[in-house]
């Protein structure tokens, strides 16, 4: 029997939406789904290696975008941010309640063999290099390939 | 013949997105789809009973989140809020144009036998109690159960 | 053999999300998917003909919404806007990197025979007339019809 499948386009870089994406991914993988997590655009926030504003884009525009994005320790909360307070606050709440935090969710997804993919076009637009994202990324791909992998399963855009 | 199925993860608490979620849910139910509406995170905005900042979370963090969320009469508009003016404005527009408003959409979804589910993890993180959400919620569940119910149908993340 | 199918609810009017919607639509159409793009709510931003604040809604409320929305040359970036700078900035980055810009993506989608649909309810709420949106819109429809067209394929809410 073919494995059930869940594919998620992780477009948002917001903390709460990344938590949702990873929670769904890990939850599905835990009940034996094949899970594809496709990071695109702001979703690159979740897979950047370096902290801070670290993309080495060649021009001013890329630098500006580096400033807008910030890596895992600096992801905004989609609804309200309060100058960076909320993601930390929520991480605190998650810890206090014994719920996994974002780095733990990423770790869990990795352990549960969730497939990580990154969007080729976003990489080009944002001027990101391969070595700037986590090595767990299985493949850098475009829409056609993503659709091929997603075929026959559920697909979510987050 | 198996019934067609639509399952919606109602993640956002924004007024316009909740309207979209309920419109899709009711529209699908009206043409005889089985519809599952899974409230998670900010989506709890739609199913809280009490008005205002009413979660009885035990700690400061939960209280802070209560402040961020606000129940059905205080849902923000995702794009622009203008200090709370827009949701009211839109409700006004909807009434003026004879289109259902959010409470009416919820009522309609209920009447059309849309299945309401609430996310277990969000409940824990946000410190929400069962009696604080509408009794129409059929079940408090996690990702695995949601995926099981959603299987074989369309799934949307809103 | 039946054609594979991708249907997208284009709810957001944000520049980056519209880029994502059109990129997915065109990418899918390029590998021979049947693609349905359903514009609703803020997504009308992408299909308005006139520039500026041009809906001819009859009342004050519709006028106010005209102000909130702005047509293709004025779409906000979902994450940060900087007084309109970011969409232009991103278009600049896209041009500099030889990636298609939004008008080009729309043009491509059109050329690749992506089906454009517009939401009836949004039209009524926002007081938009048929002649105010691009003629490429194949049909103005509701949820039931959209679900019928989307049946048997993948569906995304963007």
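Per-chain numbering from 1; labels A, B and C assigned in written order.
One rule holds for everything that comes next: contacts are C-beta pairs under 8 Å (C-beta built on N, C-alpha and C of every residue); 3 or more make two chains touch, one makes a residue touch a chain.
Model, not experiment: these values are computed from the prediction.
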If you fit chain B onto chain C using the CA atoms, what's the rotation angle, as a multiple of 5 degrees? 120
Under the over-half criterion for shared residue numbers, do copies chain A and chain B use the same patch or different patches to meet? different
List the centre-to-centre spacing of chain A and chain B in whole Å, with centres computed as mean CA coordinates. 24
Quick check: what residues of chain C touch more than one other chain, meaning two or more? 155-157
Under the stated contact criterion, what part of chain B meets chain A in this complex? 9, 11, 13-14, 40-42, 59, 61-62, 64-65, 68, 76, 121, 124-127, 142-144, 147-148, 150-151, 155-157
Residue set of chain C touching chain A in the complex reads 4, 6, 16-17, 20, 23-24, 26-28, 30-31, 33, 79-80, 86, 89-90, 92-94, 96-99, 154-158
